[in-house]
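Labels A, B, C and D are assigned to the chains in the order they are written; within every chain, residues are numbered from 1.
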Amino acid sequence: MSELEILDLSVSFATGGGDLQALNKVTFKVPEHRIVGIVGESGCGKSTLIDAILGLLADNGRIDGGEILFEGRDLTKLGAKELREIRGPRISTVFQDPMGALNPVFRVGRQMTNIQYRSGLSKREKARRAAEMLRRVRMPDPEAALSRYPHEFSGGMKQRIAIAMAMMMEPALLIADEPTTALDATLEAATIDLLLELQNQIGCSMLYVSHHMGVIAELCDEVVVMYAGEVVERGTTRQVFLKPRHPYTQRLIECDPARLAGRAEKLPTIPGDIPDLRARPSGCVFAARCSLREEVCGEPPPENVREGHMARCHRAAEN
Amino acid sequence: MSAILEVRDLEVAFRVGPLVRRRSLLAVAGVSFDVRPGETFALVGESGSGKTTLARAVNRLQRVSAGSVNFEGRRIDTMSRGRIRPMRQRMAMMFQDPVGSLSPRMRVGDAVTEPFRIHKVEASLKEETERLLSLVGLPADFANRYPHQLSGGQARRVGVARAIALRPKLIIADEPTAGLDVSVQGEVLNLLNDLRSRLGLAMIIITHNLSVVSHVADRMAVMYLGRFVETGPTEEIFRAPKHPYTAALLSANPEPDPDKKSARISLPAEVPSLLARPAGCEFHTRCPWARDRCAKAAPRSEGRNRLVACHFPLAPNASPPEKETVQ
Amino acid sequence: MLNYAVKRLGLSVVIVSVAMLLLFSMIYLIPGDPAAVALGPRATEAMREALRIKMGLDKPVWIQFWNFFASAWQGDLGREVLSDRPVAQVVLEQLPYTLALIASGIIWSVAIGIPLGCWAAVRRSSFADRLVGVLSVAVIAVPSFVIAIYALLIFAVTLRWLPAIGAGEPGDPGSQIVHLILPSLAVGLGWVGYIARMVRASMLESLEASHIRTARAFGLPDRQITYQYALKIAILPTVTLLGVGIGQMLSSAVFAEIVFARPGVGKLVYDAILTRNYPLVTGAVLVTTVLFVLINLLADLIVGALDPRVRSGF
Amino acid sequence: MFAADSDAVGAFRRIFAEPLGGLGIVLVVAMIAGAVFADLLAGADPFRISPRDRFLDPSLDHLLGTDHLGRDLFSRVLHGGRIALSVALFSTAASLAIGIVLGLIAGFGPRWLDNILILLFDAIKSFPTVMLALALVTLFGPSLTAVIVVVVLVNVPGYARIIRTQTLALKSAEFVAAAESMGAGTARVLRVHILPNVIGPLLILASMDIPVVIAIEAGMSFLGLGVRPPTPSWGAILNDGFTAIRDTPWIAVAGGLPIILTTLGFTFLGETLRDVFDPRLRGRG
């Protein structure tokens, strides 16, 4: 059974230069108690996808079609009030920027009790839960931390507070949007350990968004590779990283400098830029940068699925 | 061959805090290294390690409080402002933000030829623009663009073109791949490698990303709280790191391979403040291998080609001791 | 907070001192003899000499400044020329009228401006938002004395709805309030625009902040996000603006008092200029300057109380 | 500054595309034309006193009627525009020049000089505008120079602070460090790398201050502290109207209307300029 299922989701933004199609028929599932990674470079639509799931698209954005099924309900059809009841208690989010994620003029304790407003607990009980959660993310002196303001914490500590807030809701699904990108590498490891530990204790599913393939490979059960607003490849982590079927995924893994142990004369790259999303190519979105391009790539590529491993490529059958 | 740059016991101090309680902190706390012609030297460290301050001090953008910097055999840290300016033709610097290090209202063509105007070098600026842009693989019509019309990778190329404009002997590149997508990072590193071999440049590359280092640097130094904790040939350090911090940094950079579930060395606690440096070995508060002695005595950097500031250098493939789990 | 308040107070004292120095330099730099100017052309040389000694003008400049400075800090602003009463006393008698005028101007411009700004921010880009935008700009642009005269012309002279001159019967609050309406309109109308614009702009900015996204991602009610999380940050620049704005309101009050023939510091100074009562002019300028500095201090303290970052970053 | 020449036409179009921008341009152009061609348009001599024609109602001969000395009001209003415009242009230019220099010194110079300048700006700013004007006029006597000195004193601290803040922000920007690392001296850094990036917003803000300057001139003349009679000024006309407001209200209307239309025109134009060129400034004071 899936916690979250996204079907043919398309999202576009009205801009001065015409409609920008940010997501095009995005489909994937997040099974219960699993961690699904979304990987892609800038402009691939990761952030738009999260906003769409949370119902927080900007004013000029709209969902053109598709479904976001969560606990049997289609989130795209829900009103603002029903979405609010899901956001927070059922789906919690940890955002990329720990510096800006907390309101600068309220104490940490107040922000952590405010989000429990639906719990019906007493004020003291809410504060106790907040302190308990801070203890679980290994915040030194959690009670004192509650009465401090966000700017008094370092970036790593702020991210722990953000994680504590998200986990305190005991959600069914945790969305982690590049939670370690703004942190130093040696803090990253501890933060990921913390997320994993809490995810195990609470038993939630996790959607982990990152551009860092090493982290995704290490952490996730399944992987969704996005390019220019489309899912180009999807499968288990082993399938995608060991036997990538889409040329983009193949090149992306090759490019990761962590992969090459020794010193290479020439590092692999992917020449070219992502296409203009206001005028999506009618065929394969990656064709313009693909070294295996042939005539058929001008046609929309089919979803080629083998053993649950999907690649959206005309030549995927060969791999 | 003699070194093009010699840095000895360099210190940079900042004064912080309000007037009444002004305190001094050492952002760079005594480092020494050489860079030889044609060589790439990497400075690796995380935020607050002092690597950028060190680079700025070498370039004299930052006042040096102690120690010396010799460039091409001449001591430059005590040189007057007027004397230092001609030196900057031969020592170029590239900054972190590819777009932000270009003057926002200056076209690309003017930006890459700015060094010629500053140093009043006689040249056909139009020809030089074309030559430089083609050297870094940009079409000539980019000369008319403004920085905000460039992608990160393109802006980085413009920065490289500007840096090599006057054929410097040494380039200092601060985080040359920061903010770039993985597929573009390679382009920039290839370009730097290529230029180095073609123009015979020496380079200092400053980065927090170890995987960048392994592909471009001959030698490297790992910085923590303003000091070098480990220095040596890149290959050797990658093969067998001896300082626990180096080992932790290396392990924090997992390969995209699900079967190699890497043994990450998870460092506890926060980075100490430069105003309250830990006693003894400054890394002991976060070191998984720390023993009693580490909190008491500061280790000395030992070795000739390979320097390690640790009481108990690691054996190859060491894994951290099991912690007693307190629940 | 105490630390911040003490530092901020210290800064205010320094600013007032520098302002005094400037004022003194201006007086000292006047071409000609202040005693001669004060006494007018008909005075005899002996009278001038007597006044010079009385004003301390025979002493070296730094002693003159020190005398001016020291007595001013003790509240002694000299004596006015006509009735020989202490300047401080004369100014303080008139101050309540001016304060009442400014206070009423602020109260209703805040009461209308803040909700209007929020309302426009929430309905961004709608017709209502654009209308609020144009009207705010329009009322800011038109100078207050023109508003005063047109208000006088329309409501007092033509329609005869409201009284044209004076501050109302002493001891009759009803009459005093009626007499405040037109002057406070002249003083406050522009500020409705300023405040509405500032609140709108800072609301839009704070609604885009990433912590607002976090708050929404935790399902907090929109009302709480807008009026608690965003407004508390958006109000900060408005408080600072109001502190600065009271200086401009003091200026507008001068015109309003003259046009509506109200008592007040502005009218006092204006009359003093016409009668060459210079000690009164400099004294009143100094009092309003101190008042303005105090109000800015208050505004900064409020901002400090609301924003922990300001307190620690000072 | 405002990007390249080729963009100028486009920018002008964008200003006109905004309804307020169009209205602003029309009002401002009308005001400037009225001032420049005052002699041609008005016909009557603004100084000619004619006791027989006192307080005439508006008519074809006297479009706005006459004042208490029988002078043609329409002509005086047009000539008043000259005073308003020249004061605005001259004192804004002077404030800009002084403000930029002081701001660059404060922002790029040594810390102690910055502290002194900031203190000085704050002290000047702490005088309420009209009070400062009153004090100055008391000391120097009413004149056009006094008006200009007041405007410069009022504007310079604000302009200098803007330049200072932006310079301080840019001082640590990477492109400035890059210029220094290439060997550029202070003068070149300021001229080539800092000034072009800080002057745009200031020019826009200064253009939005023009109506404020016009208001200060009119206000001081209204109080009899600015332009000396018989020179025509909108403030002085308004004061004449105020004196006679119960019997001949049109004089007050005639004196106030050009002030309203001009300040609105410049404000609408300035706002549109800002929105078109630098939307980030929106909502600043």
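In this section, contacts are C-beta pairs under 8 Å (C-beta built on N, C-alpha and C of every residue); 3 or more make two chains touch, one makes a residue touch a chain.
Source: prediction; values computed, not measured.
Across A-B and A-C, it is A-B that has more C-beta pairs touching. Centre-to-centre spacing of chain A and chain C amounts to 52 Å, using the average Cα coordinate of each chain. With centres set at the average Cα position, the gap from chain A to chain B is 31 Å. With chains as nodes and touching pairs as edges, the resulting graph is a single ring in which every chain has exactly two contacts.
The full set of touching chain pairs reads A-B, A-C, B-D, C-D.
Taken in their complex, chain D has these residues touching chain C: 20, 119-120, 122-132, 134-140, 211, 215, 218-219, 222-223, 225, 238, 241-242, 245-246, 249, 252-253, 256, 259-260, 263-264, 266-268, 271, 282-283, 285. Those residues of chain A that touch chain B in the complex are listed here as 41-42, 154, 156-157, 184-190, 193, 211, 213-218, 237-238, 241-242, 251-253, 255-271, 273.
Per the touch definition, chain B reaches chain D in the complex via residues 56, 59, 61, 84-89, 92-97, 100-106, 114-115, 118-119, 159, 162.
Across the interface of their complex, chain B is touched by residues 1, 3, 173-175, 177-185, 188, 192-193, 196-197 of chain D.
Of all the residues in chain C, the ones that touch chain A in their complex are 124, 209-222, 224, 229, 232-233, 306-309, 312.
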